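Order of writing sets the chain letters: A, B, C and D. Residues in each chain are counted from 1.
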Amino acid sequence: MTDFQPIIDNITLQAKKQVDKGQVANYIPEISNVDPNKFGISILDEKAQLYSSGDAKEEFSIQSISKVLSLSMAFSIVGENLWKRVGVEPSGDPFNHLSLLEMENGIPRNPLINAGAIVVCDILISNLKNPKSEFLEYVQSIANDPSINYDEKVAKSEKETGFRNYAAAYLIKSFKNLENDVETVLDFYCYSCSIRMSCEQLVKVFYIFMNRGNCLQNNNYLKLPQVKRINAIMLSCGFYDEAGEFAFEVGLPGKSGVGGGIVALLPNKFCVATWSPGLNKKGNSKLGMSALEKLTTETGLSIF
Amino acid sequence: MTDFQPIIDNITLQAKKQVDKGQVANYIPEISNVDPNKFGISILDEKAQLYSSGDAKEEFSIQSISKVLSLSMAFSIVGENLWKRVGVEPSGDPFNHLSLLEMENGIPRNPLINAGAIVVCDILISNLKNPKSEFLEYVQSIANDPSINYDEKVAKSEKETGFRNYAAAYLIKSFKNLENDVETVLDFYCYSCSIRMSCEQLVKVFYIFMNRGNCLQNNNYLKLPQVKRINAIMLSCGFYDEAGEFAFEVGLPGKSGVGGGIVALLPNKFCVATWSPGLNKKGNSKLGMSALEKLTTETGLSIF
Amino acid sequence: MTDFQPIIDNITLQAKKQVDKGQVANYIPEISNVDPNKFGISILDEKAQLYSSGDAKEEFSIQSISKVLSLSMAFSIVGENLWKRVGVEPSGDPFNHLSLLEMENGIPRNPLINAGAIVVCDILISNLKNPKSEFLEYVQSIANDPSINYDEKVAKSEKETGFRNYAAAYLIKSFKNLENDVETVLDFYCYSCSIRMSCEQLVKVFYIFMNRGNCLQNNNYLKLPQVKRINAIMLSCGFYDEAGEFAFEVGLPGKSGVGGGIVALLPNKFCVATWSPGLNKKGNSKLGMSALEKLTTETGLSIF
Amino acid sequence: MTDFQPIIDNITLQAKKQVDKGQVANYIPEISNVDPNKFGISILDEKAQLYSSGDAKEEFSIQSISKVLSLSMAFSIVGENLWKRVGVEPSGDPFNHLSLLEMENGIPRNPLINAGAIVVCDILISNLKNPKSEFLEYVQSIANDPSINYDEKVAKSEKETGFRNYAAAYLIKSFKNLENDVETVLDFYCYSCSIRMSCEQLVKVFYIFMNRGNCLQNNNYLKLPQVKRINAIMLSCGFYDEAGEFAFEVGLPGKSGVGGGIVALLPNKFCVATWSPGLNKKGNSKLGMSALEKLTTETGLSIF
């Protein structure tokens, strides 16, 4: 068993000293106003031992990381039928291109690009009575933490400025791959992305993907083949156009969000979350990416 | 001067006998319910002599033909500034592809594809107090016919089912090439497409493009270079993916609509409108296209 | 009847004074070494009256202009079968993109883009005993001028550096739309593009497209519908990505070449050729384009 | 430690009974003539224990599997400079599309698509005196088996019919990403793909990717970060358009070839090769894919 504490303390120390921290996302005020000097990291290992360093208890907007959670909930409800409506292949394109969507008849390439997550939200709406509250309860329950919540201001800002998401949703709708109306779907989608969590909360939630579908309280949320499927998707699609690079540099399934969060995991070994608001050119947290590289280099822990 | 009457009578006779009349557009009930056996043709020559045959006095939904009229009104208001927001090149793609739009940063290829007409409508909204009534008055005034009107039922059906138009509009908006909000723009766009006219009314309106910008009452609506520009765009972009084919087969600038109407013209010579609701695979009126081919073959009148 | 002499003398005067003459094509030394200050213009009217100004008797490499001539010869041999192997729609893309070719199964969009001209050359090779000499004789015969010839140095340079042409030819071959082997086809293609002519020779050759298929000596080379087809293709496809712009600004069917030549015509009225080696960003002769704009503006002669 | 023998015996038994074995590749006679009933599987574990079943000693054309070997050799020679000439991202497209290559300026998406492997061959040619013999010696030396050889007939057939490879190579050349001439590069490329190996030989060669760069004789061929990089690329790009599916279903880095071979590995645990000539629609061995699925399902061994 690895003692992660000195490793992550050292990573935090270096991160805090780093001058070029990337660019904070500026498309909505609620996210652009975050202090770029924040840096947090948490690790939860297979014995449920938690290690934290830096601003690991501070909440931030998890944004696209929530796509893994909505996927997880939808997958547990509809099972393999999910793949009739969304693919499992890397997009091979920046995260917002509609061209592929059009060429492939409204079937998004995978559930971790915006278009795919919109379809996943549509599935949840069709299968839940109160999508917003039930999804939140699902996340709270996995984390065993009822304090996790949406950020309504972020959700609203996102909805008001998300013209590309509207374009994608209407394009999908034109191909009859959206059952509910676009407004309803995007409203839920924006709420789901607005969830706030800290690094510590994130590793508790993502523990289920590292621990064969079982949470810290040992309740089962997903079957093992479902967990493996989601991990495979995170590895190949979790980092936009940088997926191949990340797969090599870090070698862990994971997901990033424009709020600066990244979560990743080594099956049966550990789950890690980092937070640093500055992004690199591909839209992934700059210091988070390099923190994960250091972690896997120093520990030798990776899937490759 | 050509006596068009026997020619168009013969064309009508042949059209009425034709068994395969193509497929009536079925995307909204108001258009799919039209009698596929209707066929009308009108010609207005440079001496203002009107020739008509078949159902030339019957009104139908002009649909995309109205794109030339909104373009004409916007062009007369904002002049060359128009081309900062929309191109003049053929789209080289079926009429509903968003890919090009995305690759070209939200600048539609030309004003006669849906995306381009949506931008033109946005320009009109920004420049008119009451866009709907002022645009209708503009058309009525050119035709000197106050009976021309919108079909509200068609406009509403179109708006409710036009998911691709929403997708295009939001994509354009995401590139900041839409000043007004999408709902407002698409509402006006759908109204403009819902205008009903007969073949006789159509040739009266399009007479300005054949007659150097002057209408039958000799009022001037467009400068000569503007007329030439619009004619050039109609020739190269007026028939979706069939533009090249039409340019050859017919050799006249023109525009078709999914309601089965086609209007075309030879500068300084004549203006012609046909109506037959059945469409070919490219979305242009099947009998209308062949009527125009016969007309130019028999008269030898074309630009080439 | 128009007296073109003072008009073209004035155009030449202005062209010679112009400071920014565009950029001479630099991909092969034989073309990049041409004096950028050259400017010539010739007009041949429907009465066979020839007007010339500037360097109108000086030969230059006609390059892509020859695509119209190979098309014309192949069309006269195989007739409408030609259109099974190449389309008639504008490419909607810069002249060297292979993407469309791939999406459309090796059928080039039209015969005036490189890929299309390569297919046309393949057809000529399959139908001629000695393609190079017979094609040259065809051109000489139309012009009634046996001095017209290939420039072997240009042909060889072009073949050696034309990697994109090879890529296009092999892609077409992979779709089984090339009967002969790639080396043979490209060899003939490069020869055909290397033909040298002066403005005066060019208008004599292109006179057949303005004069219903008949040359100055009144021999017939093409049927009228074939001439109309070729003119339609020149109008919509003759100027690469600038076709729509040219159709408006000039309003004449025509074709440009990277050697700085442009030829254009108004059916039954006149044929014009210009030469100025500097190109604009779209690859068309900068001063040639503006000369043609002036000509049609001043004379009011255009198809629109 | 797992006893793989009963597992692979059972897999072979089921494979031999399978009626639908997919379609043998038919583009060259040398490959299409292979008996579709062949099935072999070999496993080499971390203790160098070899397990075999079925036709595991029979040689077949490894085809695209050799791309991993040429990549490995080039990477060991030029190191990280390799990534200036070829990417590491999944292609997100079927294996033969040139469009992406054109949009990305001749930099192939990754070294396991044809275009990428062609660039890798170009690098080897620039760095080796006798590319063909030195590459073969490299492979023989890893396997400690001098009997491994090229199949010249296959290489020649492939070269003569590989028009798309020529198209890709010339397109890359046009972007100046090919140092040597196309004929030389494709000659070497086709030879490299023509190597014949049995399943037993394949696992011996790919043992280095499972064993941190060291072969069975404990000689080192690659540094650990290089091995991890290659494994990451195999996972995300090794199975054409089916990479995402394979990553989930099997969860192992690997590579397939149209000869019907597949090789895959779990770092530090085992290396497996299968051979069954029939392919599924995506071009991967049908029975090979399902054999690997069964193997990982029954043993629970995968990276996820």
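Keep this in mind: a residue touches a chain if its C-beta (ideal position, glycine included) is under 8 Å from a C-beta of that chain, and two chains touch if they have at least 3 such contacts.
Treat the numbers as computed from the prediction; the structure is a model and nothing was measured.
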Remark   = Sorted by label, the chains bordering both subunit B and subunit C are none
Remark   = Looking at Cα centroids only, farthest away from subunit A lies chain C
Key: Length of the line joining the C-alpha centres of subunit A and subunit B, rounded to whole Å   = 48
Task = Calculate how many whole Å lie between the centre of subunit A and the centre of subunit D, each centre taken as the average of the chain's C-alpha atoms.
result = 33
Inquiry  = Using mean CA coordinates as chain centres, what's the gap between subunit B and subunit D in Å?
reply    = 56
Request  = For subunit A, jot down the residues that touch at least 2 other chains.
outcome  = none
Query = Considering only which chains touch which, how would you classify the arrangement: line, ring, star, complete or other?
reply = ring
Query = Using the touch rule from the top of the page, what pairs of chains touch, sorted by label?
reply = A-B, A-D, B-C, C-D
Ask   = For subunit A, which residues are in contact with subunit B within the complex?
value = 97-99, 102-103, 163-164, 166-171, 173-174, 182
Request  = Could you pull out which subunit C residues touch subunit B in their complex?
outcome  = 87-93, 100, 109-110, 227-229, 231-233, 235-237, 241, 243-245, 247-248, 251, 253, 267, 302-304
